[in-house]
Structure formats: C-alpha cells, structure tokens
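What follows are several structures.
Next come two complexes built around subunit A: one with subunit B, the other with subunit C.
Right, the complex of A and B next:
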C-alpha cells in the first residue's frame, strides 16, 4: 500500500490507547503553533520572537521594562483575572456535554446573569463583602434557572437544544440591550453604567506592597469548581448518572435512570457555571455591559472545553493556554509591530484546531481499522 | 441452460461463528418469480446481499446471463441490471419522488452545447410512463415524507425500474403492508413478471408464495433444503421443510405443576411512533415456576410486549398486574425493585453501557443503593467485589477482568454479563428477549440451562424467542403472536413445532 507508512505514523501518534485524548490535544496545540509560526514568518517576523513576546505579555517571562508599580507578577495576575470566566464557561460546556447536551447558550446565560447581578447589586450601596457574595449568589441562581429552562424544554418537548440555545442567545441579547438603552445607559460610553466597586469581583488596581494589580476574588472559586466537578464525575452517583445518560439514553433508561431529571440537572449545573462565568466576566474584568453584543468568550469556551477533552482539569489547563495566547498577543502586536487583528488570528487558529481534535481522533481510529483489515486481507491471500 | 439469467454456483458465506450460506446453488430463469423461503436467520437476506454486491462470497461463483461476474458493490450490481428493494427503504424523506428516483444518476441536458443542466422534466415524464406501464400509482412531485409506506415502496420499485433493472430482488416486501396493500403489491409483482422482468422474492409468508411465485427455494440454517415448483407442494410441507426438524421430546425438564399468578397482562394495546398498532389487545398470565414463551416471526409485536412489561414502553391501553398490584404507571426502577428482571433484545444498545467497564455494567441496576453507593458517593471497591464474584460464577471471559471496557468483549460474554447481573438481582419475574441470539452452541446451552434452573427455583419466566427449537425445549406454555395479536395459547405438551411454525406464518387463525 502506498500510504501505509503514513497511516502507521498517524495511528502511532494519535491512535487508540491510554493517553489518546492527551496526545490528540497536544497534537492540536503543536500544529496550531506551527500554523501560527507560518503566519508570522509570512509577515516577515521571527516566529520564535513572537512566541517569546506572547509569554512575556502573559506574565510567564519578564519583559524588557515595566511601567511604575508593574512587574511580571502583575501581568500574571491579570492573566488569572481574564482566565477565571473562561474556566467557568468551559466547565459549563463540559458538564452539559458529558450528559450529551451541546450547550451553545453559555454566552446568553453569561449576559443574563451579568445583567441581573448588575442591576440588583451592582447599582446598590450594599457594603463590599456582602455585595460580592450576593453577586455570586445571583449569578448562581439566574444561571441555574436559565439552564434548567433549556433542559426542561429539551426534555418536555424533545426540542433541539442547539436551536433553543441560539434563539435564547438572541432573545437575551436584544431584551437586555433594550433595558440598558432605556434605563441603564451611560451617555458617554454608550454602555451600561459602570457597577460600583463594592460589587466588583475583581480588585482593580489594588496596591499590594509596591505593586498595583488586578486581583480576581473568584479565581479560588473557579479552582474549587474544577475540583468539585471532577469529584462529581469520578466519585458520585449523580455524576455517574449524567455520564451514563450522555453515553447512551436507552441503556440509562433501562438501568432505571430518569433521563429527564438528569438532563435538567446537568443543564442547571451548566447554567450555574455559565452564570458564574457571567458575573466574573461582567463584574470582574469589565464592570459594564455593551448592548447588543454577546460575549464571544462563551463560544470560545466550547473549543477550550473540547481541547481539554471535557474533563475539569483539562478545562482548567486549556483555559490558561488559550487565555495566555489571547492575552499575550496584545503585547506581541506592539512588540513586533503586527496588526492586532493578526495577533488575535493566532488565538483563532488555536481555537480552530482545538475544535478539530475529534476529527483527528476519528481519522486515527479509521486508519487503525483500515490497517487492520488490510493486514487481514494480506494474510488470507 | 440458456434461459437461466442468474446462476449461483456453490455459494458459501461465513461470518464469525456462523455459516450464513453453506454451499448453495440456485439457477433462476428469466421471467419467473422465484421465492426464497426460510425462517429468520436462515440465510435468505445474506444470499441476496451476495448477489447485490453488499457481501462478497467466501466461495462459489455468480453467473449472470451466462457470464461469470464479480460483484463488489451495489453499483456494480446495478450495472448488471440487478435492483433490490430493501426491507428498510432508502429514501430521502424531504425530497420529492422524482428527486429520489434520479439520485445518483441525474439525467442532464446540455445547454448551448456546454453548460449541463438537470433534466427534471424528462425524468418526470419517464417516471410517469414507468408508473402507468406497471400500475405503480405515484405522484412524481409528492414529497416522500407525505407518502404512506406502501407508496414509498412503489417509489423504491420505480427506482429500480428507472435504472433499467431486469432482475428485481424484494426483501420481505410485505412485512410493512396491510392485507389490501399486499394484494396490490402482488399484482404489481405479477405485472413486472409479465413485462419480462425476473423477480426474486425473499419471504417467510407461505400464502404469498402460493399466490404469486413460480418456484421456491427453501433455506434452513444456511443450507438449501430443496427447490420446488410451487404448484406441486402444499403450504404444510413448506412449513415443515422451513422449520427443518421434527421435534423430539427429550428435554431435561420437570413438568410444570402450577403456582400463583405472578404476572397478568390485560388487554394491552400499543401504538408505535408512526401510529401503527404493533400490539393489539394482548392478554396472558405467567405463574410461579412457569416458563411462558412468545413465539413469532420477528416484528410481530413480541418484543414490544416485553418492553411494556418491563416499563420501557407505556401501553396505549390495558393493564399490567404484577403480584396482584397494578404496575402500569410505575417507573422502570420501581419495577426493578419490585422484582422484575429484564434481559433486553438489544444487548449492546440497551442492556449495557459499552464504554463503561465490566464492574460497572455488572451492577448497572443496583449501583444507586447500598453497598454500591452510600450518601451519593460510589464505592468502587464494592463494584469490583461484586464484579469478581459474578465473573467467577458465570465464567465471563474478558481480557482485563473487572476493568475491561465492555465494548471490547465478545457478544457471548456481553450476554453472559447481562444474564449474570439480572439473575443476581434475585427477582421473581424474568423477561428474556432472544437470550441466545448470535451465540455459539456452548453458550446457548449454558443460558438455556440457567433459564430452566430459574423456573425450578420457582421464578416466573417470560421468554421471547425467534428460535422455535428454543421455545419447544424450554416452555411450559407457548403463545404465538402474529401482526400484534395473539394467534394461540397452547400448552407445550399439546402442540408440535410444525403447528407452532404454522401459526407463526399467520396461516391458521384460531376462532
């Protein structure tokens, strides 16, 4: 056979085996870095220099010089702050996906919970720690409700969750922009009025020693969520039931699992995580809401979760990787003098290849089958 | 012979563990209706799939119009003017009849000599002509999804004719039709023959063969039993040849002595998603220590009855009474807890979570309570303990014991795992649906002995099987279902396999 050597190489690299998912994810990362290098080389830039500057921008390597009260550590803290909503959002996708539901409504849920938290607590004068706790609680509740609604619609009317989710994204986006523009608009920024510092989930420009940094108060909560979701899937009954439903509806029903309850529960949980992503995004990194725009982070999180193979720890690592590149490219564009759009293209390439992981895996699996059957034929002749 | 259009010469096709076609030779004359008769799994469909290029034979030759040919794909079969109407239609439901028929061989006309354009008008005309020639009444512009099943079948026939097929294979064409539709289909088939086509009819319905076929070949368990002129053989003879053995009464089975009623099914009726009545007013009882079996050709509503009793399907009408308690509205889990165990027909899609390991699958019905789970936390140690015990007890073979992913196990061992799990539930009613399908002789014997042992322990058993031999060997009471209705309920000791076979074909109706 002409291509046998090539097939064997693919199977060896990505084929079935214990670490297949990890190998596929790493393969996706490597080829997207290669594609990024080609892009930079075509623009006449040194790819290595580009990647170094990405790491510098993200706070993993020291820059040549820093402004006052800034250092590598403050850059890293910004990265953590930006990554927090991504961790929640990718977990949100992973939880639904494990139960066999494709939740594309994360952006809408984020916007919904961010908006509700802004207008209830964000514009109030509740003192700091209570306001922040309330914001988190409101994020959880509004997320849970919107998630459960999608799950219920899916179960009760056998509606396609992707269609419902897309419709909800539009509904939420337009309804909220109506309220922002009629009631909460800031005339100079054309965005919603900035929420008070008492309700912010990020300590913006907080002085620690000699350094001025952004501290995400909910990042520990994100790490806790990773641990809890991981525990739920590996050790608990409810986690087992969700996974079983995601694997096979018929067999789960046969085992006595109530499919509807599992679907609604997993969507509610997914909604809670999306809600937390929403409050940590709108009331952490931004502080205000731009009308008629839904956060692309909610969609990027799908690729991030896929890159992390829908495992909680994978989501955490993939979130950091993607946000490192996304954050670092800003610095790269100024260092190397490439357009910002080119810089964000590199993030796009990574997300694109991350989402292709399943295809690479399927390809390797198919080659393995083909090699097997070719061997058999060769033997019988 | 000059007029033999299809000759199958010593065809053998093997699958793992089973010989589907064992040295079969047939010759089919041009312009005749040739029936292939046999039970489920006799090898009729496999043989025709070989002719249609879906399978390649392991041995033997295919000779079409006097020339030896190799048919590797349906496309090549089509080029030899062979067409097939499959049991499950292969149509695109949101496209029109014409679009479906021309799919893959779209006729084109050249505009200005270069630009080719789809010739829908010409295609439509040709379809109109074909349908009036053979009495196949179909509107070429109708959408498939708006058409009833019988019309969809006519579209499939037109599809073959449009491709100039001369050898037409029908795979169980009447299985999906009502009696009136069957009559009109048989007319069409005759019209096709009179138009010079050669027809091969796969079926197990004797009266249809009597009505239309010229000759028939009877297959039994992969072997050719004989080729007969339809006029010279009675349906009675055909039935006994098809069943393939004279029943001998030598089972190690105690006689059933009667006991309390465990299960009562009362006037159960069920419509499927297409609003077709698949179970029609079915009532029967199963007693303690009794094995009641439901015999029937596949798709006559037996499996649905089992699903209704197990709670997988909700009946449209009727009641299920278990130990004197109405359980019609109870959930699957409640029924499991009351002591109903179910070995489903589809062991891979329903009975097991294929991507989980054996330990989990062996506790799939009890994972949620003690000792496997306490306060919502699963205990892998207990799963493993239970798994190792059952693996040992039921001789379930796998590569890595408890941690084997079930998908990688053989069908026989998957089935053993399900049976081990269900028996370990210590239920009072066991429902077995085709427990031995596709298994080798040793595994079949093992499972049948387990079923007998359960009844000796005083459990009630409901057995649904397509294997007449299995039913005759195991049952105390035999129910035969046909078209969703109960044809007859008989004591096993008072009925012969041939009689049961006869009822299964729907030939005899009890008053």
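Right, the complex of A and C next:
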C-alpha cells in the first residue's frame, strides 16, 4: 500500500488511546502555530522572534529591559489576572455544553453581573474584605438567575436557546448602556465610573517586596471551581445525569431522569460561572464598563472550552494558552512593529483549527480501521 | 411617519436578503450562525474594492457602488466556503464552526483593513470610507400620501434585493435544485438514494448563504454608515437568524418578520426624535426588535418546525 507509512504515522500520533484528546489538541495547537509563523513570515518578520516575544510578554521568558518595580514575575501575575475570567467563562460554557445546551449568553451574563455588582457594591463604602465577598455573592446570584431563566425558557417553551441567548445579549447590552450613560457615566473616559478599590477583586499595583503587581484574589476560586466541576462530572449523580441528558434526551427520560430539572440546573450552574467571570472581568481586570460593548471574551470562551474538550482541566489549560497568546502578542506587536490586531487573528486561527479537532480524530480512527483490515487481508493470503 | 417607512425599509431589506441566505443554508441541513461573520467579510471585500476603485481608477460613484456590491457578494461566498468546509468536509460541530467563523471574521477584517490601509493607501485607519449611495424617488407614485413613502428616497440596492429575493424564492420553491436542497435538510438519505450528491448540495447552499450575506452586509454599510468599519459587526446577522426562525424557515413569513424588525427600529428612533429625548434613550429603543423577538419566540416556538436533519452531519449509513 502506497500511503501505509503516512497512515501509520497519523495513527500513532492521533489514533485511539488514552491520551487521544490531549494529542489531538496539541496537534491543533502546533498546526495553528505553524500557520501563525507563515503569517508572520509573510509580513516579513522572523516567526521565531515573534513567538519568543509572545512568551516574554506573557511572563514566561525574561524581557531585555523592565521598568521600575517590574519583572518577569509581575508579567506572569498579570497574565493570571487576565486569565481568571476566561477560566470561569470557559467552564461556564463547558457545563452547559455537557448537558447539550449551547450557552452563547455568557457575554450578556458577564455584563449583567458585572453591572449589578458595580452599582450595588462597587459604588458603596463597605470595607474591603466584606465588599469583595459581597461582589462574589452578587456575581453568583445574578448569574444563577439569568442562567436559570434561559434554561426555563428552553425547557418550558421549547424556545431556541441560541436565539434567545443572542437576543438577551443585545437587550442587556443596550439597557445597561442606557443606565450607564444616564446615571453612571464618567465624563472623561465615557465609561462607567470606576468602582472603588474596596470592591475590586484584583489588588492593582500591590507592592510585594520590591515588585508592583496585580494580584487576582479570585484566581484560587477559579482553580477551586475547576476541581469542583471535575468532581461533579466524574463522581456525583447530578453530574452523571447532566451528561446523560446531553448525550441522549430520550434515553435519559426513559431512565427516569427529569430533563427539565437537569436543563435548568446546568444552565443555572453555567450562569453562576458566567457571573463569576463577569465580576472578575469588570471588577478585577478593568474596574469600569464600556457602554454598548459586549465582552468578546464571552464568545472566545466558547472556542476555548472547545479546545479544552469541554473538560474542566482542559478549560484551565486552554484558557492559559489563549490568554498567553493574546496577552503576549501585545508585546510582540510593539517589539516587531506589526499591528496589534494580529493578536486576535492568531487566536482566531487557533480556534479555527481546534474546531477541526474532531475531524483529525475521526481521520486517525478511520486510518486505524483501514490498516487493521489491510493487515487481515495480508494475513489470510 | 414617512421616515419610519423609509428607514424601516432600508433596514429590513438587507436583513431580509441575509435571512434568505440563512434559510438556504439551514433548509439544506447546515446550521448557520456564521451569517454575522459572512456579512462582515462580504462588506470588507466590497469596501476594499470601492476603496481601490476610488484610489486607482476613474470609475465614478454609482458604477463603483455596483461593482462593490458584486465584490461583496463574491467575498461572502468565498468566505462561506470555509464554513462549508468545516461543517461538511471536516464534520465539525456546526454551531461551534459558526461561532469560530464569526470570531475569525472580526479578527481578520480588523487586521486586513488596518494592514491594507497602512501599506496600500498609506494611512492609519480602521475603516474604508464609501461614497454616499444615491437615492431616488419614483415620480407620481411617491406623491401619494402614506403609500408614497414606500417609493420615496429608495436606495438602488433595495430594488436589487427585491429582485434577487424573488429569484431566490423561485429557485428554492419551484426548481428541481430547490426541491433537492429542501430534501437534503429533511431526509438526506432519500436525496442520496435518488442519486443526488448531498454534500455538493449543502456546500452550494452554504455558498449561496455567504453570497447573499455579503450582499446584505454591503447594503448595511451603504445605508447605515457610508463606511466599512468594525461596527459592521453589530448583530445584524444574528437578528436575521431570529427573523428566519420566526418565519419558520420559509421565505414569505421571514419577509414580514424582517419588516417588523425594521419598522420597530425606525419607529423607536423617530419616537426618540419626536419626544426630543437625549440620545441615550435610543439605546432603549434599539432593544425593541430584540424584545419583540424573545416574546414572539416564546409564543411561536411550540409550533415551529425546523428542518429535520438540521445540524446533523450527513452519515450515509444512518437510517
């Protein structure tokens, strides 16, 4: 057979086995990095230098020079700070997707919880640790409510959750924009008034030793969420039911699982995580809300969760990868003199290839079958 | 009152043509959330073409507009092939593919617009400025009160859209190709058994949706802002998805859904104008089409009937 060597290589690299998902994901990442190199080379830049400066910008490699009180470690801490909302958001998508619901409402939920937390606690004078705990609680509650609403509409009225979610995104965005512009606008920045430091979930420019860094207080919570969601799916009954509903509605109904409860529960849980993403985004990384803008992070998280194969630990790793690229590319664009927009372009290419992951997996599986049948033919002769 | 009709129509018709694209794709069995990205990429191609014509040739206003519209049509079509490739050849999850296509379109057009503006035209800008589209009124008929407003200050593209829409309706409902396309969405195995190529039909349907979305996107660019900028991605693609789901995946009812969205929007705007409210209130008004969608969706969803094989990868062996 002419292509046998090639097929064997594909099967060995991507074929069935314990680590298949991991290997397929890594393969997608490698292809997209190659595509990114081609892009950089087309722009007349050295791809290797580009990737090194991405790692430098994200705090994995030392830069040549640092401003005062800055170092590689402070860069890494700000990467952690930027990644925290992405971890929550991608978990949010994964939880709903496991139950067969496509939650495209994450952006809207983020905006909603961020706004509610801003105007209630953010502009109050509640002292520091209580204010921050309150912010997290508000994120959880507002997220749970909006998630449960979408789940209920889907279950009760059979309303297409994708369209409902998209409509909610726009309604939330415009209504909040209205309130910001009429009541909470900062005339110089044209954004909402910055929330007080007492309510911020990130210690901005905190001095630790000689270094000035952004410390995300909710990052440990994100890691905890990864562990808890992982536990829920692998060890608990409700997690099993969610997965069963996601795989086959009719079979689960026949097995006595209450579909409506599972759908609403998973959407509420997804909403809680989206709410946490919202507060850690608006009251951590930014501190204010830009009217009429839906956070693209909510959409990017869909693809991040996909890259992480909708598994909690995969979401954590994929979030770090994507945020490393988008954070580090800012530094790369200034070093190499390419446009800043290349950051989202490289991320987009990565997401594109990760969408094809299933196809690569199927291809490897098919080759394996073909090789097996060819071997059998050879043996009988 | 007249402005409600005039602005409502100029918003509803591009929405309508994009929704027809969506109908083609979904009736053939391919979920198409990518309309947003397709219309944006189409508008980008059209805007680029218009900018090149303006810079390097002597072709004037109206002719360049028609060329830009055709370019947008082809741009959307070519970009839609990516969605078709992912969904049909690579068997990716169609919803996820749509989302990725949208993310990529935003990133790609932003990058290319900046890069091309910098290297080709030597200016730092994130938009292509278009020439203002001419508008015309039909004499005599436009004098009639109320009804005349439908024939007053029409954009040329509105006529084009109506003609294209009529052709698309005819192709979908009355030709053998349309029959096969609709069958591919309901029972692809039967289409295969009848000797037609399901993949090819679906591929062509997605390309049609790209072409129509590109055309619609360019119309939006001409009517709303007279330039092609990142603000072209403001959810019109998603709105048209809502429109055709409302219209139960049929072209006729979808037309009325689009008209409803368009008029709700323009009526809201003129309400803000008449009451002399501050501009922030237009944000509240802009939610009108979306709120109407949610409410109506709650009522019509039980009766809705999506194509049977929508979103499923075609598997020959399945029964």
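Assume the second predicted complex is superposed on the first by the 338 of 381 C-alpha atoms of A that agree within 3 Å, B and C clash if a C-alpha of one lies under 4 Å from a C-alpha of the other, contacts with A are read in each partner's own complex, and residues count from 1 in each chain.
In the analysis below, a contact is a pair of C-beta atoms (placed from the backbone, for glycine too) under 8 Å apart; a residue touches a chain by one contact, two chains touch by 3 or more.
Quick caveat: nothing in here was measured; it's all calculated off a predicted structure.
K.L.:
In the overlaid three-chain picture, which partner chain does A:104 touch, first (subunit B) or second (subunit C), both, or neither?
P.N.:
Second partner only, subunit C.
K.L.:
With both complexes superposed on chain A, which partner does A:20 reach: first (subunit B), second (subunit C), both or neither?
P.N.:
Neither subunit B nor subunit C is touched by A:20.
K.L.:
Tell me the contact category for A:235 with respect to subunit B and subunit C: first, second, both or neither.
P.N.:
So A:235 only meets subunit B here.
K.L.:
Between subunit C and subunit B, which one touches more residues of subunit A when both complexes sit on the common chain A?
P.N.:
C
K.L.:
By the touch definition at the top of the document, which applies to A:198: first (subunit B), second (subunit C), both, or neither?
P.N.:
Neither partner.
K.L.:
Quick one: is A:124 in contact with subunit B, with subunit C, with both, or with neither? Answer first, second, both or neither.
P.N.:
A:124: touches no partner chain.
K.L.:
Find the residues of subunit A that appear in the contact set with subunit B and again in the contact set with subunit C.
P.N.:
none
K.L.:
Using the touch definition up top, name the residues of subunit B that touch subunit A in the complex.
P.N.:
Going by the criterion above, the answer is residues 312, 331-333, 336, 342, 344, 346, 349-356, 360, 364-365, 367-368, 373, 376-378.
K.L.:
In the complex of these two chains, what residues of subunit C are touching subunit A?
P.N.:
Against subunit A, subunit C makes touches at 33, 86, 89-93, 95-97, 99-100, 102-104, 106-108, 110-111, 114-115, 118, 235, 238, 241-242, 245, 278, 280-281, 283-284, 286-287, 290-291, 293-294, 297-298, 301-302, 304.
K.L.:
Would you tell me which residues of subunit A are touching subunit C in their complex?
P.N.:
Touching subunit C: residues 102, 104, 153, 157-160, 162-164, 166-171, 174-175, 177-178, 181-182, 291-292, 296, 299-300, 302-303, 306, 339, 341-342, 344-345, 347-349, 351-352, 355-356, 358-359, 362 of subunit A.
K.L.:
If we count contacts the way the header does, which residues on subunit A are in touch with subunit B in the complex?
P.N.:
235-238, 240, 244, 247-248, 250-258
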